[in-house]
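All remarks here apply to the structure that follows.
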Amino acid sequence: MGREPLGRERRAAEPADVGEIPATMRALRKIAPEPGARLLEVPSPKPGPGEILVRVDAASICGTDLHIYDWDSWASNRIRTLPMTFGHEVAGHVAAIGPEVHHLRPGAFVSLEGHVFCGFCPTCRRGRFHICEHLKILGVDFDGGFADYVVIPERNAWEVDPRIAPDVASIHDPFGNAVHTAFIGGGADNIVGSVVVVLGCGPIGLFAVGICRAAGARLVAAVEPNEFRRDLAKKMGADVLIDPTKEDPVAAVETLTGGHGAEVVLEISGVPKAIDQGTRMLAPGGRMALLGLPKGPVELDLTDQVIFKEARLFGVTGRELFRTWELTTTLIATGMVDVNPVITHRFPLGRFEEAFEAMSSGRSAKVLLLPRSPSASG
Amino acid sequence: MGREPLGRERRAAEPADVGEIPATMRALRKIAPEPGARLLEVPSPKPGPGEILVRVDAASICGTDLHIYDWDSWASNRIRTLPMTFGHEVAGHVAAIGPEVHHLRPGAFVSLEGHVFCGFCPTCRRGRFHICEHLKILGVDFDGGFADYVVIPERNAWEVDPRIAPDVASIHDPFGNAVHTAFIGGGADNIVGSVVVVLGCGPIGLFAVGICRAAGARLVAAVEPNEFRRDLAKKMGADVLIDPTKEDPVAAVETLTGGHGAEVVLEISGVPKAIDQGTRMLAPGGRMALLGLPKGPVELDLTDQVIFKEARLFGVTGRELFRTWELTTTLIATGMVDVNPVITHRFPLGRFEEAFEAMSSGRSAKVLLLPRSPSASG
Amino acid sequence: MGREPLGRERRAAEPADVGEIPATMRALRKIAPEPGARLLEVPSPKPGPGEILVRVDAASICGTDLHIYDWDSWASNRIRTLPMTFGHEVAGHVAAIGPEVHHLRPGAFVSLEGHVFCGFCPTCRRGRFHICEHLKILGVDFDGGFADYVVIPERNAWEVDPRIAPDVASIHDPFGNAVHTAFIGGGADNIVGSVVVVLGCGPIGLFAVGICRAAGARLVAAVEPNEFRRDLAKKMGADVLIDPTKEDPVAAVETLTGGHGAEVVLEISGVPKAIDQGTRMLAPGGRMALLGLPKGPVELDLTDQVIFKEARLFGVTGRELFRTWELTTTLIATGMVDVNPVITHRFPLGRFEEAFEAMSSGRSAKVLLLPRSPSASG
Amino acid sequence: MGREPLGRERRAAEPADVGEIPATMRALRKIAPEPGARLLEVPSPKPGPGEILVRVDAASICGTDLHIYDWDSWASNRIRTLPMTFGHEVAGHVAAIGPEVHHLRPGAFVSLEGHVFCGFCPTCRRGRFHICEHLKILGVDFDGGFADYVVIPERNAWEVDPRIAPDVASIHDPFGNAVHTAFIGGGADNIVGSVVVVLGCGPIGLFAVGICRAAGARLVAAVEPNEFRRDLAKKMGADVLIDPTKEDPVAAVETLTGGHGAEVVLEISGVPKAIDQGTRMLAPGGRMALLGLPKGPVELDLTDQVIFKEARLFGVTGRELFRTWELTTTLIATGMVDVNPVITHRFPLGRFEEAFEAMSSGRSAKVLLLPRSPSASG
């Protein structure tokens, strides 16, 4: 998709006809504290005050969903209620609206922000809704979107630009993670003209590569052990690919930059060793965003790698509501970032087992579930 | 020139052999308070402590030089000493160094920052050297670069990336104006994903169009009455061209943005009416950088166009020393912005009269004087 | 009131008993497009979904209310529906809650944010709720708080710190204007250690003087022609008082600062001449916040006073929701700013005519209406 | 000292008569790689081009000087040349100027910035001189100020405000560390209205307490095991004192803030456990500046304490040249921060052994050496 200027700031699609809502629907549910999930027929949910019912067109699988599916230690500690429908990267059409819904109408095409915030805690009052002190997360704390229908507060829905293909609209969420990671702590100003290193090229890392390219980075280096993903990083615009199992990424960045180091490091792997290496490859005054979640404590050489260099480390989670969404829409809808290489698999909802297998395969990036699709491509 | 990643942060060219310095040299001098200038043979200058002598390879003509050449009211008020050699957009090779020069060596290829600052006034002590309270400007306050040789403090020289063609290296100065205008007041963060309007497409406006494109603007609209320059704006990447003599730019931006307005306006025309229009086309919370110099007072509707909209107006002058230069190098050397369309004319120094004629013609953008060139292209 | 550290981040008062809500109440209403207002007995309003009913304890009079009372040209252009109860600076107790109110309970003591925003326009989605494109203002666009009861969305209520005296809680709104004016465009960083000039010492200007003192300004100069208000500025902590009818404020600031100028100017007068003077007294790189609303166009010398100085002008309106409220609470509740000198008059609601007379007298600052007070002090 | 507004931006004292420079002078030198130091008679140094000779009036002892005196492992790794005069916190009068010194004259009273920067490396070119890639430090990399005279580049001297007492002028350096620590990463905006915790109350921590008070913090809590220093923290304005050997600082801050956490943590202890605790006491979105230098690697719980909270960690070293100095001058000269409680000891240069003993005693904060004083107070 080539660059296409926006003719209007906020052009919404014509509302679609979403038809009747059936009494029951399919939902991919975690029913017991063990690996796996079941696709069940359950009553279709109804929107309460301020809520909308969304007919799911596409739901993409996140690493978090894989944790839930596999029921690892993180999942068993985090998930509080079973049974629960999971899935939080969702796009679809508004099928019905509850009372006190004033802006969206049935037929609107939306992508969902899964962080439901209170709006009243001190952190929300400072405008930092995505780290609300009473956060509830779609598909983690309440029923999610691996289903035919899902309920969400109206204010958590974002109307999708009509130039964005319906089946890719669910990637607003992880793409937004990448936007927020790239621009945190001073914004695009740190990217334009800078050497950027992306550590870890899962889908969010891959999106980050494309975003830094579009935002004017001088050089984007991608560090990733998996060859399949390094190839995708190249497609997304990485100038330099580094396989950390073959060469020392710190030395590689030093060589690349004539000894100066990288102005920006985006840590999206969560690997403790990579985090340590990230601090070591930073230039004096460099910035490092931390999105990847290490499983245990991480040891850092703060004195030489952070303090004497006046480095800055920024924790990152979720997306800003909704400045990130606005940037996401622009970057995707104008073609500034082409997300298609990252979407490697599409499955109908019924073939969810194959989808989770693809997720675990090491030869995938973003995997979509399409509840309304009769067939699928791998 | 396609995108080429930088292999090193700061790769300098091999020093060139600049030969012997002759006892006398040519200099384009303003000798009397009247229109015109004389190309005279004068003694070659000598660098003092902390200074370097630069052999001029290219010097580009700025609007300011045209004021000096034409000796208009601005020039007669501003220029304090005659005779004086003018010209401040200069690139060349270091031919000799004075005592206390510790970093540059003869043969280095440099582009010159013409703002000579004291380093000790309160404004310099805050790191804002380019608005030093005792600023002296090359070619305005002391002898400039329309000559075979010029003297400047070492710290005002910037080593040129070897991938930048020698004859275009003099445009670092006006390109830097454009970088500084685009990124002032919060940086690139305001450009990425935004609708940007550039008012006035002289060389700096044209560079600004290319820079905003490279930095990820959603849409760049260029407003310019001169068709020749509008065509250049298109070449530089403008998505929309507006002829303010044919349509109302405020209405045009309103239509383009679905009534929302432009997030960023870069005012580079200096026309009072354009400045007023710029405030009117701003979105709520919008930002406007003011670089163009209006000749008299300007009337603004502050209440409705600035205060209730919480608009921000940023005065801009010169370039930041030297963050702007670093961005300039990156944007040009990597090919992120191709400056070639803006350079419309090249003349040897001896044909300066034709060069100033081209500057006044309305069918030019950047005009170069090349002291070492035996011939020229138009 | 001395400095008292907060023991808790957000300590709310015990809920009070607000008693029964009568069927009718008093309301100061504008009933015809002419000067004056009528105190009428009208039905008590009822809160809808997401709304609360507040029993008014104190409502302060703003300059805007005086415009409405006097029915000047601004008011006749701006007010769209009559009859209407006016008054937007309101504090009181929650008397009843509508459906879908989840955080506040009857008895809570609150101060009201009068800007009701949509939450869905592009400007709201960027988190700039106070310049929402569909803003509705309490007491201007819908019935306000010069009454026994008022209805407002729950999210527009801010629980008052119990250390703030109930009768002064209504000044959160104008104090917030002053906070937002002082800290806009880069925040407190511009105040600490800086020379600040406040132009115009109505209540907001007076609060601004105290806020800049508390935030570490090096010197606060207050410019105000009215002697009564200059005296109040001194009480609020101004280091230097300037009567612009007696001396040239630009020359005075030049002398005060050894020729350098003021780093920060807060323009709260709305007088065109003062705005022009404000730009002239700015230091190189200085910042000027514009809150006062000039009635017509304003002529500025942009070239010398804004562009060559790289000055920054920030339009300011309202308050940030709710970062400003948090700062307001802190500054008042801890005693960092003592607001008592600014509150010059208190009247029961029934004596509103005397209150508006005091507002016009030139010997007042903030005037309170206290609906529940049987008597009053002048 | 009460608040005294500045009458002028930059009022310099009258030049003093500094008399003849003797052929030899006293210098406290490290002559061998072992504990201790020798006060020797050595030739008086001479200023080269761009340098000044300063007659030392006061030199304060830094923790770094104690490392050098004790010759611990840090010192033996860091100090490259012996013999060397140490001491880098220096104030005195200009006694002579070298060639190419254009701003300072003999007799000027100055405080010295000990970080000598190149001005040409990429980091300097970005204006971050204090983390220059070729930094040389006074009293560490070249002869320092525990002597009668010292040589330094002119641009490293800062003229002292005449209201600052001569014998305390040497504390500009560590006070500047505290200013830079408090305001890094977004400036005073993070302090005003915030809960600030200072970890470690050596002299820099004590200054930081006073600075945060002056800059409008809501509450300043000081964590320090040494009772003598906790008492000083109280004198500097700490609202709450926490002895980490008696109570858990994380729990204490949680209680203080009603469970919310501290918006700002200033880590000045360098103790790994304190650094970890600092991250745990941060509120969501909180900021932590790291100045203290831990001796080995530090283990952090990045996932829960940094990433999910979107905390920001800022490495801090030195001071900004020269924005920090300007703030330092203002805060001390106006009396906004009274530094006197922190200066616990004064000794003539000859009694240096007692001075270093006092430094090690645990009952001291800042210790001054006064080369021109015939006697001393403890």
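As written, the chains take the letters A, B, C and D, and residue 1 is the first residue of each chain.
Keep in mind that, in the parts below, contacts are C-beta pairs under 8 Å (C-beta built on N, C-alpha and C of every residue); 3 or more make two chains touch, one makes a residue touch a chain.
Not measured: the values here are computed from a predicted model.
Participant: Common contacts of subunit A and subunit D?
Facilitator: B, C
Participant: Looking at A-B and A-C, which one has the bigger number of contacting C-beta pairs?
Facilitator: Of the two interfaces, A-B and A-C, more C-beta pairs touch across A-B.
Participant: Suppose each chain is reduced to the average of its Cα coordinates; what separation in Å results between subunit A and subunit C?
Facilitator: The mean C-alpha positions of subunit A and subunit C differ by 41 Å.
Participant: List, in ascending order, every residue of subunit A touching at least 2 other chains.
Facilitator: Within subunit A, residues 9-10, 122, 126, 260, 326 contact more than one other chain.
Participant: Within their complex, state which residues of subunit B touch subunit D.
Facilitator: Touching subunit D: residues 9-10, 49-50, 99-100, 103, 118-120, 122, 125-127, 155, 320-323, 325-326 of subunit B.
Participant: Show which residues of subunit C lie in contact with subunit D when the two form their complex.
Facilitator: Contact set of subunit C toward subunit D: 5-11, 183, 186-189, 191-193, 195, 214-216, 218-219, 239-240, 256-260, 326-327, 330-331, 334, 336.
Participant: Considering only the defined contacts, which subunit A positions touch subunit D in the complex?
Facilitator: 122-123, 126, 128, 131, 133, 184-185, 260, 275, 283-285, 290-291, 293-295, 297-303, 306-317
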